[in-house]
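As written, the chain order gives the labels A, B, C, D, E and F, with residue 1 at the start of each chain.
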């Protein structure tokens, strides 16, 4: 059961990354592409935190309940969490920039369809 | 059509690579590498009970300074673009109940954000979530009206002051101990009490103010126009 | 300073919240709480509460207790009502939006009444325009719906009036 | 203590997030897609909590529920069209 | 098990059941307003009972739980009201059409007549 | 350590979340989905409190508090933007 728990979270994260990639590649509405980007962002963050997760341990914050425990055997790895914490906030700022630029670009062409933006053709 | 097929191929290839690679990340029962040092020594070295905050602010403080600069660039770009091309958004008049709520609730939400920031070294939270909560209180004030609140004019000044004081706190470490952003200029204190962990609470406060003012100025740049 | 009472009561209320959050009575925590409370109360101009000190009279406190008890009993009734509706094979509904007059001057009191009506059996506040409150019923009461709605609103207003005015 | 309960919660949450992610790409109205992405963010916050990443859970809840939702709502309002 | 523990378990069970009922109501009720009824009343009381139940089992946590309870009582009806108003002023084809009477609609119509 | 009661409790909350989730996916209009999101977040707040109880750590209550406040703000923002003007 614990193994299943461990791998199911990884599966969720991978699935979200792939769904986000699929959405970015195939959707046409530019806001929806931003939404798919956010989904992929969430998936990557989940995967990063998952690499530091060890089942049956507690969060890396000392308080009265953890005073008797040996920290290295009772807590999960704080390093990936610290990286993801900043990554989330940066991600939302980048998404804001994405949306603003997308809105300006779509006002030039008069529609939200990404195929109308000739500079972005591939 | 061709786009979909190409996209499908790309997604499948990436999926195959990930499925092949991810199981090689060891299913370990142990903490490896530098995380082991942070977990075992973190509380003694930095005085912070919250090890995540210890990593963010003390061990990797310089990286966090970089991240804050990235955040600053992104939010400044948004504000700059929207001040060059003003796109005002028409919203309807708020109902009486929502308007009253937006005067009632910001105070406790601000207190919650300040609590998250001030207790960053003791409990979950810290500069980033606390700043986001304070920015949400600002958003609530905006939702209860049809204009931008007058206090948004000072946001740029507040943000620059916060950035400046981050740098100054760093140089304090250089002056006293010869190392940029050294946490130990104030001593560690007893872990678990409010006044402990050296510079960590101050730097969290600075980060919180900076994040809050940046997100608030993004919200204020999405300006509203009254109307029905 | 007209609103010094509301500002002081905002500070007190925020201090209570702070103590509940920290659960710690050391000097530094309390001092930081006072600093934050004063800062927030000044910057929001005491917008959190109106003057709470007016409540500190036995009659008003008793009226407040009566109101809270009445409200809680209505809330339990509301949940039993929802329960019996949801568990039927076909959900019985006869919805409608009915307006009623609200006879209370106090603005915060109107908000409290609107929120209380949302949590009582079968009713939901849709809008509050000037003196009129518009209530959505799951199933309209038999007989005169307008009179029933007016009775409901008056029931709350009468009990709340003793607390506020 | 958590040997059998948390896995069930995590697996249920994961399946719900994946289904919601797919639906968010294909649902007809953009506003619905925004609401569903907000749901995915909030569920991700619970998953972070189950993985003992408390700080990350707080941050994800704060940012995913309000800030990004607000940004997308603004973008939808400015671009116009809801398809 | 102490008396407080038994009370706590009873409250937890009742709260969980009411939360379950709220989910069922949101799924089963026939139109938006009625879903709001289930989603507001039942979740509010359910979460209150749930928090009180946890508070009985862990009395030290009670202040913070009471804070959450007060917050829920304050915010939940307001969110329901804002949503209901949004539905009412929204586009016509998305409003439920089974209302027997609608005083607010009449009021709005009269207001528009006066404006013109 | 885990009793049948805990399983029942988690089952009730999980079923509640799942039913609101079905409404979220099915909901005919955005308003339906917003109502489902509103209900879901409150049930999930209770789930977080329950997780905190099982882990025995009071600091997770902070997460529940922040979650409740911010989900309310998100729903309020949605409602304000559903309301007129921006159709």
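Of note:
The definition used in the following text is that a residue touches a chain if its C-beta (ideal position, glycine included) is under 8 Å from a C-beta of that chain, and two chains touch if they have at least 3 such contacts.
All values derive from a computational prediction rather than experimental measurement.
Listing every chain that touches chain C and chain F alike gives B, E. The chain with its Cα centroid farthest from the Cα centroid of chain C is A. Just to note, of B-D and D-F, the chains joined by more C-beta pairs in contact are D-F.
One inter-chain figure worth recording: chain C and chain D are separated by 31 Å, centre to centre, where each centre is the mean of the chain's CA atoms. Computed centre separation for the pair chain B/chain F is 24 angstrom, with centres defined by C-alpha atoms.
Within chain A, contacts with two or more other chains are made by residues 22, 52, 58-61, 63, 75-76, 81, 85, 88-89, 96, 100, 103, 107.
Counting partner chains per residue, chain C shows two or more touched chains at residues 17, 21, 114, 125, 127, 129. Contact of a single residue of chain B with at least two other chains is seen at positions 50, 52, 87, 89, 92, 95, 97-98, 101, 108, 112, 116, 123-126, 128-129, 132-133, 136, 139, 218. In the complex of the two chains, the chain F residues touching chain B come out as 59-60, 62-63, 65-66, 69-70, 73, 76-77, 80-81, 83-86. Interface of chain C with chain B (complex): residues 10, 14, 17-18, 21-22, 24, 26, 28-29, 32, 36-37, 40-41, 43-44, 47-48, 107-108, 110-111, 114, 125, 127-129. Residues 9, 12-13, 15-17, 19-20, 22-24, 26-27, 32, 35-36, 38-39, 43-44, 46-47, 50-51, 54, 57-58, 60-61, 64-65, 67-68, 71-72, 75-76, 78-80, 82-83, 85-87, 89-91, 94 of chain E are the ones touching chain F in the complex.
Listed in rising order, the residues of chain D touching chain A in the complex are 2-4, 6-7, 10-11, 13-14, 17-18, 21-22, 24-25, 30, 33-34, 37, 40-41, 44, 47-48, 50-56, 59-60, 63-64, 67-68, 71-72, 74-76, 78-81, 83. For chain D in complex with chain B, the residues that touch the partner chain are 54-55, 57-59, 61-63, 66-67, 70-71, 74, 77-78.
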